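Each in structure tokens, the structures are laid out below.
The same chain A turns up in both complexes below, where it pairs with chain B and then with chain C.
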Partner chain A sequence: MNHTVTRIERRRWPALLLLLGVLTACFGLLAAPGNAAKEDLTGEISGVMRDAQGQPIAGVSFQVTNASGFTGSDISNRQGEWVVPIPGPGQYVVSLDPATLPAGVTLTNPERTSLTVSLLSNSKTVAFPTGAADTTRESFLDRFLQLAVDGLVFGLVIALAGVGLSMIFGTTGLTNFAHGEIVTLGALATFVFNNFIGLPFPLAVALAVVVCGLFGALNDWGLWKPLRKKGVSLIAMLVVSIGLGILLRYIYLFFFGGDTEQYASYSGQPGLALGPVDITPKVIIGSVVAILALVLTMMWLGLTRNGKASRAVSDNPALASASGINVERVINQVWIIGAALAGLSGALYSMSVGVNWLEGFQLLLLVFAGVVLGGLGTALGAIVGSLVVGVLLQISTLFLPTEMKTVGALLIMIIILLIRPQGLLGRRERVG
Partner chain B sequence: MDIGLILNQSITQGLGVQAVIFALAAIGLNVHFGYTGLLNFGQAAFLAVAAYGLGVTVATLGFSLWVGLIVGVLAAVVLALILGIPTLRLRADYLAIVTIATAEIVRLVVRSVTLRDIFGGSDGINRFADEFYALNPFSSGLALGPLTFSRNDLFVVVVGWLLVLLSCLIVFLAMRSPWGRVLKGIREDEEAVRSLGKNVYSYKMQALVVGGVLGCLGGFVFAISSQSVQPDNYGTDLTFFAWAAMILGGAARVFGPVLGSILFWFLLVFINVTLTEAVRVGYITFIDGTQVGQIQFWILGLTLMLLMIFRPQGILGDKRELAFDVK
Partner chain C sequence: MNAIDPFEPTEQADPLQPGSEEFMEELHVDAEQRTRSQELTTREHHLATSGNALLRADELVAGYIPGVNILNGCDFYVDDGEMVGIIGPNGAGKSTLLKALFGLVRVGSGTVILKNEDITNLRADRLVRQGLGFVPQTNNVFPSLTIEENLQMGAYLAPKQFKDRFDYVTGIFPRLGERRKQRASALSGGERQMLAMGRALMMEPSVLLLDEPSAGLSPALQDEVFVRVRDINKAGVTVIMVEQNARRCLQIVDRGYVLDQGRNAYTGTGRDLAHDPKVISLYLGTLGAERDEGTKG
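Moving on, here comes the complex of A and B:
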């Protein structure tokens, strides 16, 4: 008996390599080297112009000068990006022409139209934050409503990732620190299907979700299942997931590069004004899809045989196994569903923030905040907690500087742990 | 391919400032994880608050370097208390989530534009360690075979390794004392220790403080060696590097983290410089210079995974002693 187990294990180790191979092949497409700098201009100063909602702003004019008489300029493109090639390291003054800003958009600090930057290396990104200044025109209630809607939309993104994280934790006990990388995979795959292969956006998202589901299945089958069989402890698995996360992240960076890209479809979609709330049609459709996916997941958990079985496994794997449930198969299904939802999360999230190799990892802490808030291990808790985190995160910008909103959300998570460690909907016994 | 350059760089950096920084961070982690079983994934925060405590005190407030060092240590103690109060009563994985979140909070706060006047935003704080370099007793740098250090580097490295030795001595003495035995007891079976009448919560808190203070020495070395503190140097990657070093050398062993840091840093630099050279000479054409730098993170990720799966006790460790291999 033991011998067969070891033999199966041995044969399955190569699956990990296979998994990496598939990834590598997937993103090999992206490894196009791009080097178009002029001979004497070896460096560059660049940036991405965005409005308060994170939408790119085109047509803003930038000028870069230095003390020795160098002058360069650029105008932001459809993605809001601008690049000024420069002679190399040194001190530069970057200025923005406020007259080229579109109506209604102002800099957060209107006096700071030019910045002095010193470059130690060859490149630097410079940001001119916008928004918040024009909010004085709007009433407090209008801003509150806008932020609440933005928060709900963001909360749905967090929830999609959080449900999978929570279900995987429930059934296997694994705190998966590589979950954010599945979110990124969803965005990257959508980007590849949409921009490189040129598929229509909905089809690209659907395919990306399938890719992520497969990736989840492969993840469980190639790595976590053998580890469970080997009897590796949960804490060791947690560290393994951190290692896997780092590896995947830097594989993405290697093939995708460090820039933030926009999807080819709908990147500059104009917003609709619904009463006081500005929202783009793509965000409305994306949110409806997210809600549908979450409702379907809850129905799967509550109504289907496999879903019920997964809850039984969460409660007590040994008992579930004894009553005839195929525990490993249930866990594999949970991985597929969890990873597919995370992929959808990444695909939708990137509609507003762009595709970036680090986005999933940056989202992960907020996902943890949502999941911990709702109660680790419960799917409904993850959804409720994530929506609360999303809304609080946005609303907090009424009182806090925007750059501090993540800090606020993480602090809330820590405070919740202090006063109600089992979370809003968790059961007390889960916390030891 | 310049083999001399490759060896020179690898050996110099394997014994250089970076290795010292990670050794100190990993020694602190070893008290947390190796001896007490606490999953601290926010070690970078301890280094950051120490470095910023030093930088702000000296550069922003204008006090002497020595006051800055005391402020840095106090900041690390306070951070440990803040971290410990909500989480030490909870299950291990909650501590992991909260510590990693706290490290991000610290980084986001010190790099914020709002507090730029205090912490210097994303540029950080510079030039605050002249007092330290004024004490440099060495009249010239060192060039011993492949080992080359400039005069200032030599001073930092010597002081750094003395700190590492001192930390090892502290850990050695602490862990063979009754106090250390209680910590190991908590790692093996918290309930058993509690049933013997020990205040487990208090002991865990003490371990968190001690490990945090040992780790914060790494923050001082980091800050002083480059005469600058920059927020993005204290990201989660720093913590993960320290973890990899600790596990590679062997957790719950006095010299495990030190050996791990030297080996791991040597390995990273060796691979990095070899690849860079291979790209420069043209042996490797399918990657460029910046991509070489990313490969060391592949190695970091793979090292963490493979070590935890196949050899969680690392080089020096004893498998029976490690709590995380007992289910």
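Moving on, here comes the complex of A and C:
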């Protein structure tokens, strides 16, 4: 995860511009397929040059070339940043001029002054590490452990969002495509409480969770309950949720803007080395909070009267009603809990990746993958499935390019579902 | 599966079993004429006898789809402590009547009154609060919940009395107590029926509505179910039961209703109806004329 994190943190272009860039590129290709040689510089290769102590290095010269004769160059600025615009995806050679390195600074691998990189998307960061080689980080097992821990941490974020999605699906049958926007709301609310109002971070997160829970209740009360009452079909409701998601995303974009921002608290926290694994204290605490929230949710479902009632509603709403359960009230509680968990997911996720208007939406596919993998409608399944997706995603970067990691995880999901169509923890019903 | 099981042992012993096809047809025609001519008298009979009813329904019109009514002005009542059976051919509206009483089917016109209180179209969970218990024919347990949790859901509105009622229900159905930690999805059809009844009994209902409790069970299990239902009734619970197994049902109920095409065709004591040639003909008519209209009975 660390790689993704730093990449997003350092990206200077707002996400919106990137999106526009991709769109323009697509339209450009559609309109003039024969015009590819014309130099529309829609992509970029960039990086940040730092010394072994993490201080930026200015004045280092970089050159980017490709086989069809493109050349571009840049010199790192005072923040150590350099950007070379490029025509788009493809294979490029990035080279650093070692003569421009300041005295006393050497590359970790002095032979490695030029790198061949393949771009599947429009942008890529390239790092030239400096200082003595950190041999302990090179072993395969150590990398595996680091990625597994990163994966579990990420899996917890997915699980927090997934449990709510799964519970809402179970009790109402709704596949909520706007669930990612509740995740984003959690991050945005935390950002507002922490950065604008200046509340301590834990309090900001707690308030954001409350805001999201209320938002969930409002969602159900104002939109989904009336639709259920009118007997609107589940497919139609799914489409409504897609529309709601788009609406919310652009409301966020309008008020928050397209940039990725960091929380005021703990944004540059240094990592701890626990054996071979690097992890920041905030991530440890965040993960403990996430585990606690998941355990509490499972206890609610398994031990409390209304938690059991919510499982009864999932099994059979008509029978639940015939048992004296007020089905609508139980569904409303499920919405509150599900949305609060999604909010916590967003608040914690943004500690690592920053706050962005699209973060929940980008997470949503993985949340769906986790929920489906674990077995639709079972809360424990959603948790297990999400952890598996998170770990697979990170581990797959050992074998696949980082850009392909989502593809690898989803591929494994498809394979598992072919073998176990009911999901990892889903049960086949006894019929009759 | 039709109303009369050809392998049913009681059938041979029945002295009123008609012998020839002509006899059956003749009776069937006679029955239809009588249904039309006695509409008024049935209504008057209902009004005359239902004075002390615990639960009553008057001129119910109800259906699943707007404009397609299954019930066309149905009258029904049950006295306190009584056990009433509802029988009739497939598609007659038996289950629909039960569901209309319990608010699961929207009542277009007519009223349902419990203890002098109008409960027409009240939400099901409110009716449970009022003392009604309902056991659907199928999907009548929560499969992913344990047996104990199923019974807890039955006592959802009164969690404090769970322990007492749990002891009471497992006293009637000991197997539920033995398997309390198992998921309901692991139960057989008969055990599910027991659990479904147990769940409905958790709230100490004054009226228990059973929708075909014997459906899909072996003859031995059917007998067991009927014995339990009789016991429950003897303990003071008013029982309304819809049954496909009409003969067996009429043997144990105090009073029966025969429905045809969404109306009351006949009412009377279980014994009278069981020996009424017109009632028998209505059933034989079902077998002969395939009156199944594709709706659930």
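By definition in this document, the second predicted complex is superposed on the first by the 291 of 432 C-alpha atoms of A that agree within 3 Å, B and C clash if a C-alpha of one lies under 4 Å from a C-alpha of the other, contacts with A are read in each partner's own complex, and residues count from 1 in each chain.
FYI, contacts are C-beta pairs under 8 Å (C-beta built on N, C-alpha and C of every residue); 3 or more make two chains touch, one makes a residue touch a chain.
Please read these numbers as outputs of a predicted model, since none were measured by experiment.
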A:Ala369 touches, of chain B and chain C: first, second, both or neither? first
Partner chain in contact with A:Ile383 - chain B first, chain C second, else both or neither: neither
Contacts of A:Met404 with chain B and chain C, given as first, second, both or neither: first
A:Leu253 touches, of chain B and chain C: first, second, both or neither? first
Which of chain B and chain C A:Leu417 touches, first, second, both or neither: first
Chain B versus chain C as contact partner of A:Asn316, first or second or both or neither: second
Touched chain A residues, chain B compared with chain C: B
Which of chain B and chain C A:Val232 touches, first, second, both or neither: first
Chain A residues contacted in one complex by chain B, in the other by chain C: 432
Contact footprint of chain C on chain A as seen in their complex: 305, 308-309, 311-312, 314-316, 318-327, 427, 429-430, 432
Interfacial residue positions of chain B with respect to chain A in the complex: 39, 41, 85-87, 89-94, 96-98, 100-102, 104-105, 108-109, 112-114, 237, 240, 243, 247, 286-288, 291, 294-295, 297-298, 300-306, 308-309, 312, 323-327
Sites on chain C touched by chain A in the complex: 102, 104, 123-125, 128-129, 134, 136, 139-145, 149, 152-154, 156-157, 159, 185-186, 189, 199-200, 203, 216
Residues of chain A touching chain B in the complex: 31, 33, 129, 175, 227, 230-240, 242-251, 253-254, 365, 368-369, 372, 401, 403-404, 406-407, 410-411, 413-415, 417-418, 421, 431-432
